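Please find the structures below.
What follows is chain A paired twice: with chain B in the first complex and chain C in the second.
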Partner chain A sequence: MRLDFASMCPPVFRFRSAPLLAVVASFVLGACSNNPYPPAQQALREDGSPWLVRYGAMPEDPRSLDPQVCYDSVGKRILEPIQECLLEYHPFKTSPYELRPCLLTALPEKVERAEGGAIYRCTLQQGIYFHDDPCFPNGKGRELVAEDVRFAFQRMADPKVECPALSTLQDYVAGLGEAFESARKAGSFDYGKPLAGLQVTGRYTFEVHLSQPYPQILYWLAMPFAAPVAKEAVEYYDGKSHDGVARDHFRFHPVGTGPFRIAEWKRNSAIRLVRNPAYHTTRFPEDGWMPDQEALLRPLAGRSLPLVDEVHMTIFRETIPIFMLFRQGYLDGMGLGKDAFSSLMTPDRNLSPKYQERGVALHRDTEPSTFYMSLNMEDPILGPNRKLRQALSAAFNTQAYLDIFHNSVPIVAQQLLPPGIGGFQPDFRNPYGFDLAKAKALLAEAGYPNGRDASGKILELTFDVNANSADERLSAEFEQKQFEQLGIKIRVVENTFARLMEKLDQGSFQIASGSGWSADYPDPENFYFLYYSKNLPPAGKNASRYKNPEYDRIFEKMAVMENSPERQDLARHLTALLSEDVPHILLMHRSLFALTQPWAPRIQSNPMLEGGLKYVVLNNELRDQKRREWNRQALWPLGLLLGSLLLGTATAVRSYRKA
Partner chain B sequence: MAFFDQLWVQNSLIALAYTLLAIFLIRRARSEHWTSAWARLRRDRTGLCSLGVILMYLIFGTLELIRVPTQQSSQSVLEILTAGIPQEKGYSAPLALTSLSVANPKPLKGRHLLGTDALGRDTLVQTLKATRTALLIGGLTSVIYIPLGVLLGLLAGYYRRWVDDLVQYLYSTIAAVPEILMLVAVLLVLGKGLGTMAIALGITGWVGLARLIRGETLRQVERPYVAAAKGMGQSDWKILSRHLLPNVMHLVVIKFVLGFSGLVLAEAVLSYLGVGSPVGSASWGAMIDAARSELSREPVVWWNLTAATLALFFLVPSLNLFGDALRRAFDPRRG
Partner chain C sequence: MFAYILRRLLYSVPIVFGVMLITFVLFFVVQSPNAMARRVLGPKATPQAVENWLHNRGYDKPLIVNTKPGEPVYDSLFFNQMRRLAVFDLGTSDVTGRPLKQVFASGALPSLLITFPAFVVGFAVALGLALYLVFVRNSAMDMTAALLCVALMSMPVMVYIIFGQYLVAQVLNYFPAFGFNLQGWSTTKFLLLPVALMVVSGLGAEVRLYRALFLEEMGQDYIRTARAKGVSNTVVLLVHVLKNGMINLITLIVASLPFLIMGSLVLENFFGIPGLGNVLFTAIQAPDFAVVQASVFLGSLLYLVGLLLTDLCYAWVDPRIRIQ
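Here is the complex of A and B:
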């Protein structure tokens, strides 16, 4: 998943006062609590036990909840609990990652394909129903069948859907690319035509046909792109008005089989998810957790999911209200941003005692992501001059950058692969990591002693950045200074995000900031393909335009192998090649601190899951008790207000009488 | 634009601007209208005080404007003068001994009167450096909008009829578009930079001046001296340049001074919106913009905002007061 650089900074600051206003209003109206939320769907479950509601925060509305389109973390957070996939990640087994069946009865069975490639035989669980929705007859959800998977695969190839997975999968899934091409020529996709890559063999069974071996297909089956979709829903939610009633677009109204469904979505304000009473696809895992989690998780083993009844996600564009509400107990968890950092953390990177006393827990999550700056290998100055690229890389003090702009939380990237991905070498050190003396020596060897070429002219390079917020401008300035330590001149060009992406696609840059890649699936292929020469923009992601036949050869071999020690060796070889050729300046593997309240302990930390909402728990009584404790109403401001009002009136009356 | 990137070009342009200004003032000083105005201004204490403040800003801005080549690239005179102030690693409070961090305070290399910013640069120096941006924007924009406004205003007032209609149509149209919208639109088309910002401000800025000049010209044309000049068969161009222009020049000076403060503020507003001054140039607006995240920190970083606000606070009223003083001096009846 391409990451924009902005996504790692706190969200753009724009004032949103709605939740705060609600707090103020409830205070002024004399209500007895600070609670900013509307009442839950119901107070008690059918059996009389309390209805459990979790409260969370999101930075913005999801852009699309169409399973074949959704590719950003905000969208996935909402889609994941609504739309289940064929496979899913085991929430606890992360080293190595393990897939387990979700909608399928078992992991697919792989068989050889006669004309080369492979066939994956899959069987769906029986008795899984779509959410009750007006798009079905009588509003009752119908049973999930293999045809729905075929519909999903066809949608991937439909040019009107614009599925981001198509560019990769069309190389492997038989007939996918051809279906896209013929639909593009015809102007519309023919859903009646069979798709060679997905053959329905029974009511619940189907086969995925691959034209060449691709073991990573299993990871794709765990992504929403391959998640079954009901044709009725896509046809019903067309965004048009029927008999005077406007219907949503399908991308805002997904109809899935998951543990939750959207009960209410107030655009730009909040999303309320309510449990799907018919859900029985998966249960809480019986094993796989770390021993220290035993006490917490053992009682949950084998329980039916989800564990809470309602999830209320409020959209906050500002970070301040998140911290305020967390402090009052009205948010069950929060990410630790820059602003609150120094008041919450102690020098030894622990939570401050004040919050420890409250029972708040601190979690450090390292994402399987890598951020880097791209160097253009087709540039006449940078491209042929490897020493120059090495010098630039060695001049950049990444640790100082992380200290200033990220509170030293992320990890300095030494290699393209992030920790947790097969082939990652914990002891590997980037040979051209920060070392200014070495950088200057390299620059001299590159033909620019003290930053000047043979004729004595100062080397000037352009540096394209996305600089819209004050923070981004500041970091651009810092980055410029880093390179200029070499004695060269860096011309900073500011771009809008769209313009920067366009430049990366066209290759019209020398140094470009703002590239990041987060693992779609935990496999080294998903990172090394970023520098595969057949993956050039605009279709691919090789923005540096790195072309190395040796790299390509090893990559092609490594990509289709099953995990093995030999594969690890190949991965190491690729890392060595990239480190020497320096098509990028590596920055960091993003990691973040997160806080959870004592009543909502963290169940899983699997970075491949986006929230894992079906596993979250809640201790309702503890939350009620703590909320009362932390929100004692202070009466003195009211007294002060009344007093000053009385005093003012008295003075006014007196002076009026005198006159 | 490589030509303008050369140091000697930049420096000689600055010298040229100051020389032209000096010549203009010296020549004007001979006329009776201006000498009597100067005499009145000398007795105006507020005017003189604000003039002093303005001159101070002018000095700092000029020091930052003039760049001298160094071994590697170039430095401004102000940078050389303040080279002794050490750079820290990050935020530090005014006069603090340690860096700003509850968790992990580290000793600083030196004391900073107004603290340091996120990159550890001295806030006072940054504030002074930002004077250059204000000066450049004010100066460049004035160079663009004053000739435009004067020319169109004079033509409209002198020829009247369709010329007047045309000029009025032009400025009414521009005035009808909300200014900030226009500025942002122009900047997004032309791209970011001090030069383009000056052009954008110039496009919207000439309207007020043209209106003033037009009105004054309409009045002056009725005066006998214009009729006399016409009777003696002088050409329109001579009447405009020799007779009318000098008689409206005091308006230009007043508008220039008063408009300057507006331009400084506009630069700050645009930088605050993120479409203003480019990366690397200190600007009060950018400092205020950065304060949005600084103020939500714990502990609060308030000194950057305060420094930028104070710098604006002293410059803008001074300019306005001096502008008023000029008006009183040139036009005592309306004072």
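Here is the complex of A and C:
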């Protein structure tokens, strides 16, 4: 039987319309591709070479790009290439970390201060200009001068700015805390008043005055908090109207001196950075890389930066689309989260052969961070009973915890200091790491044989956890079971994040999860201060309320010393004290897997840099080739779909006409 | 008519006030302003930073009633915010400091570009299918369609999104799996897949509902009379059933129209569309009370406008109804 589609179809679907439909369909498909990006700013550079665009992902919009405010990793990742700092980390030297001048001509010169403390003398490089921006006369960026650094330090003390570094730096930078308090009382900050802690001594020279010794100030000079800011930019972009146009705040319009500037920021969608053609502050390092990178990096040594022309950062709130775009070649790299872990990794924690064949490379990045559970030293049961704390620590199988809840990616923490921080001992083993037999023996020595006290009553402890998700509840259940292997009873108390923070501040807990510290700078002081007795909550971070005069004495000495073998010894001593006193149950140093495409090899993995965008390299030709190969469109499924729709419609019409 | 509209608008004032009060209480029962500041500023925030953050945003005031001696009772967080909203000053985001008028203005168009076409296409397709199913009622085709509709209704929207992204964007490579670029004709490629998924995910429920409404009309006396007079099936369906059935549908359609601007929370997130659904999702996660509160305020206003329009439309299309 021959089907007469023409007579079955309504007029619009009759075959005389079919060519038109086919043309429309092919036009729609022809206009469509699965490339989600707009065209690059330009196709070629001035010299005719390809314009290189780096494609990356980030989880949300930066909350603030104000250098004196930005403290979160998303913001820092965008701000780092825009707003350069006085000093910077060498991208390749991470053991130990090395600071090198960025906007300064050399590392600051330290001299003693007559009133006590120290003075750091700094000289800015000459001929560095802010990005061209409408905030400057004729839109041309002006030269960077020492007054811009003073303005930045004054902004730190302005209560309206909300600088997170203030609470630490006000203890050291002369006059910073007083300036904050007086502005708070007056209701506004007086930028005309001099700041004792930052004295401008010439057009390009200035001094940082510290009221007490604080060698870590150099690390702060490598953070955006101390990065110079043009007063014109803040005054122009402060939310006011100019020429009848309402402008955004300065926090969304950073005007820096860095290798990139923001070309476009589509809120909730993407940020596009383009190279600053006038950038000449730093060049590609000439040494410091690993020997196996010699062939790749030697040709780049001393080259002007940045190495790519444009950076397109897309905001992804879900991880599945990241994985999809990476597979299609539309992302140059991605972090490996839980969702894609099983698809990409083999059970022995290697990249699956399918992706190895594609040329994808796997990297394991360990953050300079340590996570732990806090034990309350002021608790009447835990505080005076060191053996009990040791038993709890030895009962916890951290490796099993990491295997189950973190895909075995992080490293079991053996000490408070993470790898890479001065004083870290690679061979050190936590004397109260997992050993159930030892834990039971310690518990008996603590006065609780088989988990019972002298009267036969089972020891019961509360365990405060942050439980916002099913994963966190499962994790809490696992942790509870670990402790209960001792025969004791653990009562889990579920909290929101904020409530748990409140409990840690108030000291109203026995055992609490959710404690951890990520390095602001790679110095042991930045970790050991967590257990300094003068750093108690709510102002400080010593949530365990650990008080040990010997620890304090050594910490005070170590904190103000320059790096030296003697300082390393003191750091080791502090580790030994904490390991024996057990004010915490150590968990992990957070590690993450990251993947890079074959055209975007990873050249540095310094965790103190936020991406190091000025150093990234790219093989444009290879990327274009792979993208074409991986994204071929098949037209037959579309034909099949249209055919099915037409057939369905025809059948319906036919049955209608029959009726 | 004018008096009726005015009266309805006046009724809406206490309703909006009540909605705002409930939102305020619920939000701050879950977390105090202090806890909110802690979450926004992160675990490293010092008490000084928290206090400064609260002060700069007015969260250091008493929540609802100010009982401090010498200060007005109404000088509280809730009443200060209500005073602002009363003159449509939405304020600024607690997290980014961005003016919320700007935030909502920039998010409305991307949301509408998804929801409006999806609404129109979804409505047209569902209407056509429902009429056809009414025509072939109680047949094998009708039963099959009912099964299909129930299957479509049973699947969570996430399944449609993930499957659609995988099949259409990843395997067939027709459209981007993610992203949005508002730039002339090329914008279409970012819209087709989310719109199609939105239509398909809502189709099952809509077809079932419209079919039920039209079946009710089919049982009316006037349809029997029309058939007895020899009126054709096409005229019965497209003139009598559709026209009268639409009176019932108007309630649903007009009331949902204002909500199109609010976008789709899940879809926008998975496709990276910077619409208002995305804004609200981010605000809840942050948490950004200013954005949540402004969204609820606008949402409740839109809802009330939708209801008012529905009532007016009823009077317009149904001669039996008179507005007094």
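FYI, the second predicted complex is superposed on the first by the 601 of 659 C-alpha atoms of A that agree within 3 Å, B and C clash if a C-alpha of one lies under 4 Å from a C-alpha of the other, contacts with A are read in each partner's own complex, and residues count from 1 in each chain.
Everything that follows uses one rule, which is that contacts are C-beta pairs under 8 Å (C-beta built on N, C-alpha and C of every residue); 3 or more make two chains touch, one makes a residue touch a chain.
Quantities reported herein were computed from a predicted structural model and do not represent experimental measurements.
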{"item": "Which superposed partner A:121 touches (first chain B, second chain C, both, neither)", "value": "neither"}
{"item": "Contacts of A:465 with chain B and chain C, given as first, second, both or neither", "value": "first"}
{"item": "Which of chain B and chain C A:320 touches, first, second, both or neither", "value": "both"}
{"item": "First (chain B), second (chain C), both or neither touched by A:93", "value": "neither"}
{"item": "Contacts of A:345 with chain B and chain C, given as first, second, both or neither", "value": "first"}
{"item": "Touching partner for A:572 - first (chain B), second (chain C), both, neither", "value": "neither"}
{"item": "Dominant toucher of chain A (residue count), chain B or chain C", "value": "C"}
{"item": "Which of chain B and chain C A:386 touches, first, second, both or neither", "value": "neither"}
{"item": "Chain B and chain C footprints on chain A, overlapping residues", "value": "320"}
{"item": "Residues on chain A engaged by chain C in the complex (per definition of touch)", "value": "28-29, 31-38, 60-61, 63-64, 71-72, 159-160, 162, 164, 166-167, 184, 239, 248-249, 251-252, 266-270, 314-318, 320-321, 324-325, 327-328, 496-499, 501-502, 505, 516, 538-539, 541, 631-634, 637-638, 652, 655-656, 659"}
{"item": "Residue numbers on chain C that touch chain A, as the complex places them", "value": "30-32, 34-36, 38-39, 41-49, 52-53, 55-56, 95-99, 102-103, 106-107, 132, 135-136, 141, 162, 165-166, 169-170, 172-181, 183, 185-186, 188-190, 192, 233, 269-272, 274, 278-279, 281-282"}
{"item": "Complex contacts: residues of chain A adjacent to chain B", "value": "10, 13, 319-320, 338-340, 342-343, 345-347, 400, 403-404, 450-451, 458, 465, 467-471, 473-474, 476-478, 480-481, 484, 487, 489, 492, 494"}
{"item": "List of chain B residues in touch with chain A within their complex", "value": "72-73, 89-90, 101-104, 118-119, 192, 274, 278-280, 286, 289-290, 292-293, 296-299"}
